[in-house]
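Next up: some structures, all given as structure tokens.
Here come two complexes built around chain A, the first alongside chain B, the second alongside chain C.
On to the complex of A and B.
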């Protein structure tokens, strides 16, 4: 029954994703393409991190390999190779799979934290090597190509690229979901929960992990190739640690324990960075802060919380939960306001522009933030964030206490330890 | 000969610097099973704190304050943040420290900007230690190595020759037993975490005055340090010393050598064929010196998955 509901929900979401974009402007279409790509990448990453319990810190490698493979095929198509443009991601899939087989062979020799370190090092290896391999990765400038028309479709507009991306993301997303239903998908979970027992059952744990790794890398490669198709260019910065870090943040904020959780994180982070990247330089800082807070207070992520609410919706006394929940939301907003105020103030006060102005003025001149002028040595300036933070924390603490009271001890955070792929 | 001696000196000093950072990492891991992703950020934090303090108290003041500040930050993290996620397993501890590393990096960008800051060694230390083959060898490189050696002599004496050292080693091997004997193990853990962080902070304060101090220095060194602990074997101090020196030497020699795979093939008369292939074949060793540690790590993984001195995991 749960499956039916999930599927109908997904169908509704899909209908929206198909129907709405033609009415959006170009930058929004582009943002949605990025959301879709990030979602697929996060799903692929979570196959490894959430389901197999193998935490990879270097998934940018397979994302990038997929992008470069698709671009090389695009260049070949430009030169006259008869290959249908919509099938270009197959190149990314193949390249990602092969790269995943090789890298996975090394990385899965060790488990736990070693695995994380080895994957990170493999991505760094590519990142440091790529600028020197002009033939394959185009040196520092990278390589670029053009989308060629195929079968009456020009692939000139963003909308066409969007639908192509949507098709591939839905296909791969459902494929990954179906994979979790297969016996091998179950074995993947077993690898996470008890590798030793998997070995006792007669499976070759290392070989299974290599296959899971390669499948995850394959889907990441598809995501990378979709980015290459959308951007028509790629350079070695695709292998950078930020790309690997992004997918980790998105997946765990979204929730790695629920299959579609990572999509939530990917969508939120990608949309937010699209919306606020013009307003603040500190977006990465906020991302890190959100991630750490989620790790500390909601280890199952947004998806995990939503899933828990939906699953227990009949047991939860919603009327009693509403007030403390509202209180917590207000508290959270106040805290967020205080943090944003302090961060943006720091960004201004320690910025180069301000340093220049300070030298000109001698004393500490006032600064503008949120359309208001603030005096950096005024009491009011620092009283505002202090009140926001203290009030917000107070509301959050009391709200949380009441919520725990309503929900009872059933799912208090002090549950028994759940080992998640630790070094055992 | 000139090249060999200078490269060896550079390699050993760089290796000792790596050891200063990786020792804390491996010590903490061996004790608590926590791989501290933010460890290299402590190194960066050390450099920036020393830079900020040195403008007021001078270079030596910065050098003294930085490890203390970084050590306190480390202890606060160990005391208040790590226990919260401990119940969810090692993966969550790793993720938490990963997030902290990100936050530290962004905070530093926020306060000090994206560009390198001019954290310089004092003029009193800016002289050449000796002249070798007509070129001056900077004293400061020897100073970095010297600080590392002194640090480790002290740490080693502390661990093996004092009562505190016995408690720490007991806490590492059998924490429950040591606690039953009346030792305050949580405090021991906190102190070890703080010491490891302070060591990284000191390394940053010392090295930041020689190498560029910028917001990427943590990540750049961090990846190499992770390679060091994988090659050496996590939890083994001896292993990380050997691996640090190995990687320091490999990188410093690689910078000066313009060998390539093609020249290797040239020895057996296949040079022209290899050069015709291009790509990987004609890459000069010097241009890929940043890649050497990672390649070395893959090699070690193939031959000895547990690392040079590690135990099977």
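On to the complex of A and C.
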């Protein structure tokens, strides 16, 4: 049973998520909180984008609304309202749901590009309105509050916040998964496939889409409220386009056709920004590059590839695949090395610091990268990335050829049917 | 065909539809008797598809009225017309390609059971729904293909699924739009048999080009030419009708 295996895998993952964090330092705990929040946000987004086929470019709106709703409730709790701290995300859920009902009513009147544009416009509207609405969104500075103790739990440490977040994310994630097995969950997939036929079967397609939208916005609101609880503050930048864009990138890199795919993308991107953003200012460029490469060479996302491998595991000749796969990995690493070298060199050479030094020296001075000094006009400086790139590409191409040879023509990499679509 | 007791299953009275300056249907009158199998034939561009789209609610008529079992349905949305008891199939196969055959049919069964926003019970545990779905699949001969993705079915299987889905919502008036289009001779014969068996006890209105299907299956035939009904009669009467021969049937032999 695939379901049993999936569940036991998830149980093992959950056990790790419960057991490991106490041994991590604060910054890692915080990073994991962000991973969990991004995961829930991506799952919520994918309910709309992957399952209902409605690509929203403005999901930051519902994430942000949830965050502000939770903060207002936290402020009320600070002022003496008796409300249990662990249930604060309910405010995010309610606010997200209501915002989703209203916005979804208008957005789902159209589909495709027009739907995407309406959702984008709604988020932009909030983004430009919020700084002026000091009462609700606290102006440009935003609003802040404190987590209040409840039931003997102080909610002062990051670890307590982590477990609260974990609880809500697991609860909502399972809820969204159970959703796919309900009649309405199946109808959601039918809406994606053929909205017209849904109507002729006697369903009110518009109203159904509004409900899907509202549920997606509700879960997004919970994710936003968890961020508010963790940060104890929020401002209008939560409504920004890059928040909306991040969840799109994460979902599609992770794989929108597999239920837990978005979690993979959310985890990778969040950890990537946590680990890499301190090392280089070009991390957003790398992130964009990853997105483009995944879309070009693995349009079903990482989750889609993993799902395909697991599903076809008996047909795949693993022993023959191992060597070309290793070759491809090494090739990929070499290419990555070459790209990073060039990007970081460009970042230095076209930077302000270097411009100042160049003016002082009157020539092209050497620059430091990876602990080594490089001469910008030296042969070696450009030979290293050239060798890395060419060698990497050569390995990738030969590896790819061998993999195609092993796979044969019979399962050419066409779009794999989604597991969500196949299950009955 | 006036009846004092029962209203017609479907009545079109003075139905006109224009797209801009073009009148596709002109003051069209048509009564469909409950329980009959009625075919609409006519040359391409006569307005057959528009007629179906008006009845099923894809478009609203420009003027005139459409009544289902005595109740006006003109201008209602497709899902309301469906709930009022009319279901249609499509000329171009209109199924859920990325869902299994079983799920395609089950969505129709769920709609009939009124489970439109079912969020609190797994659909796998709805025994009656799943049993009825299996029954419909058996009736259209798709039981062995239940778990196949609908998009992977052969063309004639997809047409059978199309008919199966049209049946599921429990409507008593069925509109089939060229159910045998694109089929081989044997497939057409099978499809006609299928239509005969699954529409027993229901009212059927179908657009069909294959005259052998029309003549073997239908009680009455209406000929639609340039947006108006030229004649409505039994199949024998239609083939003997001179005006029809000139306008339509003659073209085929000429």
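Going forward, the second predicted complex is superposed on the first by the 410 of 424 C-alpha atoms of A that agree within 3 Å, B and C clash if a C-alpha of one lies under 4 Å from a C-alpha of the other, contacts with A are read in each partner's own complex, and residues count from 1 in each chain.
Quick note on the criterion: a residue touches a chain if its C-beta (ideal position, glycine included) is under 8 Å from a C-beta of that chain, and two chains touch if they have at least 3 such contacts.
All values reported here derive from a predicted model rather than from experimental measurement.
After overlaying the two complexes on the shared chain, residue contacts for A:144 are found with neither chain B nor chain C.
Of the two partner chains, neither chain B nor chain C is touched by A:273.
When both complexes are overlaid on chain A, the residue A:194 reaches chain C alone and has no touch with chain B.
After overlaying the two complexes on the shared chain, residue contacts for A:182 are found with chain C alone; chain B is out of touch. Once chain A of one complex is fitted onto chain A of the other, the partner contacts of A:241 are limited to chain B, with no touch recorded for chain C.
When both complexes are overlaid on chain A, the residue A:211 reaches chain C alone and has no touch with chain B.
Legend: residue contacts after superposition of the two complexes on their common chain; A:343 is shown touching chain B, with no touch to chain C.
Put chain B and chain C next to each other and count what each touches on chain A; the higher total goes to B.
Of the two partner chains, chain B is the only one that A:285 touches; chain C does not reach it. Judged by the document's definition of touching, chain A residues 417-418, 421-423 lie at the interface with chain B and also at the interface with chain C. The residues of chain A lying in touch with chain B in their complex are 53, 55, 57, 106, 109-114, 116-118, 120-122, 124-125, 128-129, 132-133, 135-136, 241, 245, 248-249, 252, 282, 284-285, 287-289, 291-292, 295-296, 299, 343, 346-347, 350-352, 413-423.
Looking at the complex, you find that chain A touches chain C at residues 178-179, 181-187, 189-190, 192-194, 196-205, 208, 211, 417-418, 421-424. Put simply, chain B touches chain A in their complex at residues 29, 33, 35, 81, 84-92, 94-96, 98-100, 102-103, 106-107, 109-113, 219, 223, 226-227, 229-230, 234, 278-280, 283, 287-288, 290-291, 293-295, 297-298, 301-302, 305, 313. For chain C in complex with chain A, the residues that touch the partner chain are 56, 77-79, 82-83, 87-88, 90, 94-100, 102-103, 106-108, 110-112, 115-124, 126, 129, 146-147, 149, 165, 168-169.
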